[in-house]
Amino acid sequence: MSSSLGTLFRISTWGESHGPGVGVVIDGCPPRIPLTVEDIQSELDRRRPGQSKIVTPRKEDDKAEILSGVLDGVTLGTPIGLFVRNTDQRPSAYTEMAQAYRPSHADYTYDAKYGIRAVSGGGRSSARETIGRVAAGAIARKVLQQSLKGYECLAYVKTIQHLEAKVPETLTSELIESNIVRTCDPDAAERMIELIESVRSQGNSVGGVVECVVRGVPAGLGEPVFDKLEADLAKAMMSLPATKGFEIGSGFAGTLMTGLEHNDEFYMDGENVRTRTNRSGGIQGGISNGEEIVFRVAFKPTATVLREQKTVTNTGEDTTLSARGRHDACVLPRAVPMVEAMVHLVVVDHFLRQRALNA
Amino acid sequence: MSSSLGTLFRISTWGESHGPGVGVVIDGCPPRIPLTVEDIQSELDRRRPGQSKIVTPRKEDDKAEILSGVLDGVTLGTPIGLFVRNTDQRPSAYTEMAQAYRPSHADYTYDAKYGIRAVSGGGRSSARETIGRVAAGAIARKVLQQSLKGYECLAYVKTIQHLEAKVPETLTSELIESNIVRTCDPDAAERMIELIESVRSQGNSVGGVVECVVRGVPAGLGEPVFDKLEADLAKAMMSLPATKGFEIGSGFAGTLMTGLEHNDEFYMDGENVRTRTNRSGGIQGGISNGEEIVFRVAFKPTATVLREQKTVTNTGEDTTLSARGRHDACVLPRAVPMVEAMVHLVVVDHFLRQRALNA
Amino acid sequence: MSSSLGTLFRISTWGESHGPGVGVVIDGCPPRIPLTVEDIQSELDRRRPGQSKIVTPRKEDDKAEILSGVLDGVTLGTPIGLFVRNTDQRPSAYTEMAQAYRPSHADYTYDAKYGIRAVSGGGRSSARETIGRVAAGAIARKVLQQSLKGYECLAYVKTIQHLEAKVPETLTSELIESNIVRTCDPDAAERMIELIESVRSQGNSVGGVVECVVRGVPAGLGEPVFDKLEADLAKAMMSLPATKGFEIGSGFAGTLMTGLEHNDEFYMDGENVRTRTNRSGGIQGGISNGEEIVFRVAFKPTATVLREQKTVTNTGEDTTLSARGRHDACVLPRAVPMVEAMVHLVVVDHFLRQRALNA
Amino acid sequence: MSSSLGTLFRISTWGESHGPGVGVVIDGCPPRIPLTVEDIQSELDRRRPGQSKIVTPRKEDDKAEILSGVLDGVTLGTPIGLFVRNTDQRPSAYTEMAQAYRPSHADYTYDAKYGIRAVSGGGRSSARETIGRVAAGAIARKVLQQSLKGYECLAYVKTIQHLEAKVPETLTSELIESNIVRTCDPDAAERMIELIESVRSQGNSVGGVVECVVRGVPAGLGEPVFDKLEADLAKAMMSLPATKGFEIGSGFAGTLMTGLEHNDEFYMDGENVRTRTNRSGGIQGGISNGEEIVFRVAFKPTATVLREQKTVTNTGEDTTLSARGRHDACVLPRAVPMVEAMVHLVVVDHFLRQRALNA
């Protein structure tokens, strides 16, 4: 259903931006996994507003409460309920949006679909909805880390508008977290920060590309046909706010190669079947082959810009609208933990499905 | 599940390449929809081998049989079973593939997943699996055409390797079908045909990009959060064989724009809310806005090349493999009806879900 | 999944008996349905402890909080999060249960399944889990009442042990609610109250049968084959705690009749197709026929008895256990609103599915 | 969906009584399970018409064809397609049923739901639909037998109308199959055969109760809350044609006991936790406890009787109808393998779900 994801490790998020809070229920988490609220909070802190000078200055602590499914630091196997109370609400900032549809937001389409919407803060279409995903992703990661030795998911900002990061030979979480953009190239990071600050000062916004490398996924995860691993990753990424594209391995650029150039030759690395190149991006025929899973996600420039734009009212009249309020001039630094969370959620579900099939 | 797709209009495909046949069950098709076997056959003919000089010369008629769910040319509302018998099988062409893993195919990953596989013809990983999808898509289209005035889905080849088609102002199905590449630019078509014939003569292959325009989808389809319309389209496309990327509206190129440039301003067109530009690609916040839905899909160069490649055996020894057999040097002409079928399937499911919600 | 129910109107409950609280997420509720917290609270009050002298004297207010999905008294179409905080917890009453398995409870099976369990109050196996169902059922009823004129679901206690209520010609909600047993026969009610008080004073317990009549369900709801309306009702009822049997229409007694006696003859009642008898219980071939839906559910005597019983410990030693604490000597008065809630949930889901199919 | 069942071991049946045939797709069967068409055929032979003098004399061979998912006698892990062609069709026998609704059949409700139906042979509502279930059940049993030592499911006729079988101490498949009624009491079998022949000679019909004992299910299968093992069994049984009731363990009779009488005391049997009695029917809190699972299913007398009955036409006029054709005067002998098949399907699904959770 619309607010649920997963077959065996299934999450259901709920909550509007300016209601009492947002949350998630995780149904299907295996029992006896060590889990503390800090495991969750540390990931929420990576996505929360106000964490640095280049993200929205809204003051939301986003403190997670575990409401069920965990006892004495260990999962019970029963549904885990998580709740984050909304705090920093300034409905007044949204008064005029009640009538005018914000361009490239979901205001109009929600009205078209439901005939009603929670105007304040974007309601359900707010990126606050992703809190539940990030929290659930933190739990999924715990499950994977306990079962898959070497499992690691590293997302990072690859480009901001025309600025591109160099990806170093040795990619680490520490490197990515060493700068507030969450890119893997400290030099690029400085230029990216400047760019973001510059466009924000103009009331404008920029987008970019997040790249993600997943290590330690054994060969054999993913289902052929519809639930291919890359298909589920694509859906997961395209379900994040502001995403416009997904590509895996060679992606769109791979269409410029010939088959002979593009194919990944197999070779034996001791006991292991490996490929010399990784244009497949770690997945062949929908199933992981044991190589690193590598994909990219395009995020559009933030739709909220603090400049006057033409639009229409919900009663069908042309008008103009100037957004106020505190928004991200670039969503990518905060999108990095969202991408990682979605990876954890997709991989854990396929891991459990494979365990059922082939124990 | 792995071989099923959809919530209300749900399809389940089955069948291996060189077994008795392939098929699909469609569960949830509304009753009293006019449907003949010709409606289905005409779409299967667009995807079948041997249809032109630039596709694989295998001689498969791919004749569809309706086994249930239809009586006197009208759907009953009960599951529709469809069956296409396999005919042109030459298992001998696959003998050596029993042991050597074909590079960038699913041979190795199937073994890793299942510990067994149907070697001949690629078994379940063969593109023959898409027969069921194309057949089901033809039925989905009938449902949509009966309910949504002006519904139309036009996919076409946008690029083959470095060759790009110009998209004309007036795009029609006739134009696309006027050439065997299924592109919208007759001049480009000639060059594309030459390219495909040239790479084939070298035992090599090429890929490219399919673009798709969907018209007549009313505002309001798609679910916020996980089952966003673009997320389901992305999954559907990335579940097709050989796809490496998906982008909607402005896509990856949109990351080079600023928010002010990228936003789609609303205006009133008589009674209708419209946008001046369509960088959103017809979907905002996961929900259709009534504009044309526009997306692109990257298809890699065919993995089967008739040249010697290095690989390994299923017992862990390095070896070489030269594919024989009759294959597509470029899958895109046959991929066009597959893309359209997946669109029909995604849209009809969201159409029915919306009808349940908001009748 | 284990804690979710429904295809289009989908609920997910969460929460342990003695954790922070219990709740439910309802995903798929149509928009623009009037809904207040009182609509929900009034049903929770019918199931809560301490409501009368014949139910457990635990002091739980069970106050519902709406956390999302409702604005200004109207549903938004987005997930509705509901939360009831746990209050009256006396973990000390459960100390010895940590080791000894309570007979005919779920202590042993939870340990066998999960290797861990929340001992206090029964954790997830507590009947407190049904709070989320009753709350969700109240919302389902609102949806149905708005769409189906005359929709009404009346459950009542048919028997307590050997005591049987007479069902009057005119059955009303007021009659059922006129006595604390929730039976439809005031004379029987008195004897039933006496019986319950008597067994309780002996530390013992009794069970019985709830009968349920559903009116105003139009012909055509329910899916043939697996999701037959009676199959989904059976599952819903057998998913309630303490249920041991389900029968519809003529039920087990119907096996004593011949086909000629058992068949429900059709006749025209003005424009309407009706049946003279209703041995079918309002459902034929899995689909409602417009007659009253009538079924019965067997509830076993409460497993918690305040008498010494033989059992084993979780380390495999024979032992004895005497329950203490405050429990229901008979669950049926509180089970009545649970049965009704499950009916609402099953019917609304089939109602929405039918609306999708046949708008 | 309506024609699919299961979460991980998922089946989808299709087919009308008098169309080309009926079939099933099984998605999620583990790989490398030995499987031959005889494994399936032997179960189909137990449900097919014409197998004895007390069942319908229709001449249907019901020969199964495996269309996919199996190679060289072993499952591939991919969807298994099964097909049984319809042969003995006498549409003429159904001419007058095109207009008159057969009492207590699904004719009227199908029309109410779909506005159309396949009249001949009952179309989708025919018991021929259960062919796919029985075939799929045979496969599920193979999976279970390979993984669960001692797994065995024995269903048998407990009563035919007022005649009741004695259940012997030692219950075996051979005993049940030793008589054409499939009861566990040879003396009762004779009287039951007489009764069935007698009612048939009068053009009438009888029903009865099937009891089922499932052995070798380990403790821990089943999900708490909605997907309780008994809830899924109840749904599975109530989804079979002609069923009116389900009870597990003590069932409806258990409501006459007190809690002290009803509770199943635990004791240690060597290393194993066992219960002295089995009023729980092998399931506690929705989860198997390792004891035998015991339940009963009520089957109504066959609706088809060869006597004149009052009914109405599909155009709203009162009429009478006398069924002709060849029907079962009592469905129970053929229902026994159906009950077993549904048990296999429910248990294998929960077995795989548990394996995913707790490998």
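We just call them A, B, C and D in the order they show up, numbering each chain from 1.
In this section, contacts are C-beta pairs under 8 Å (C-beta built on N, C-alpha and C of every residue); 3 or more make two chains touch, one makes a residue touch a chain.
Just so we're clear, the structure is a prediction, and the values are computed from it rather than from any experiment.
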- Query: If every chain is reduced to the average of its C-alpha atoms, which one ends up farthest from chain D?
  - Reply: A
- Task: If you line up contacts by residue number, which pair in B-D, A-B or B-C shares over half of them with A-C? Let me know.
- Result: B-D
- Task: Would you mind pulling out the distance in Å between where the CA atoms of chain A average out and where those of chain D do?
- Result: 46
- How many angstrom lie between the CA centroids of chain C and chain D, rounded to a whole number? 26
- Of all the residues in chain B, which ones touch at least 2 other chains? 1-4, 7-8, 13, 28, 31, 77-78, 113-115, 124, 224, 357-358
- Footprint of chain C on chain A - complex, ascending: 1-4, 8, 10, 12-16, 19-23, 25, 27-28, 31-32, 65-69, 71, 74, 76-81, 83, 113-118, 123-124
- Can you list the residues on chain C that touch chain D in the complex? 1-5, 7, 13, 101, 103-106, 108-110, 112-115, 124-125, 129, 159, 161-162, 199, 204-209, 218-228, 230-239, 241, 244-252, 254-268, 271, 273, 275-276, 279-281, 283-290, 298-305, 307, 309-312, 316-318, 354, 357-358
- Item | Parts of chain C lying in touch with chain B, wherever the complex brings them together | 7-8, 28, 30-31, 77-78, 224, 352-353, 355-359
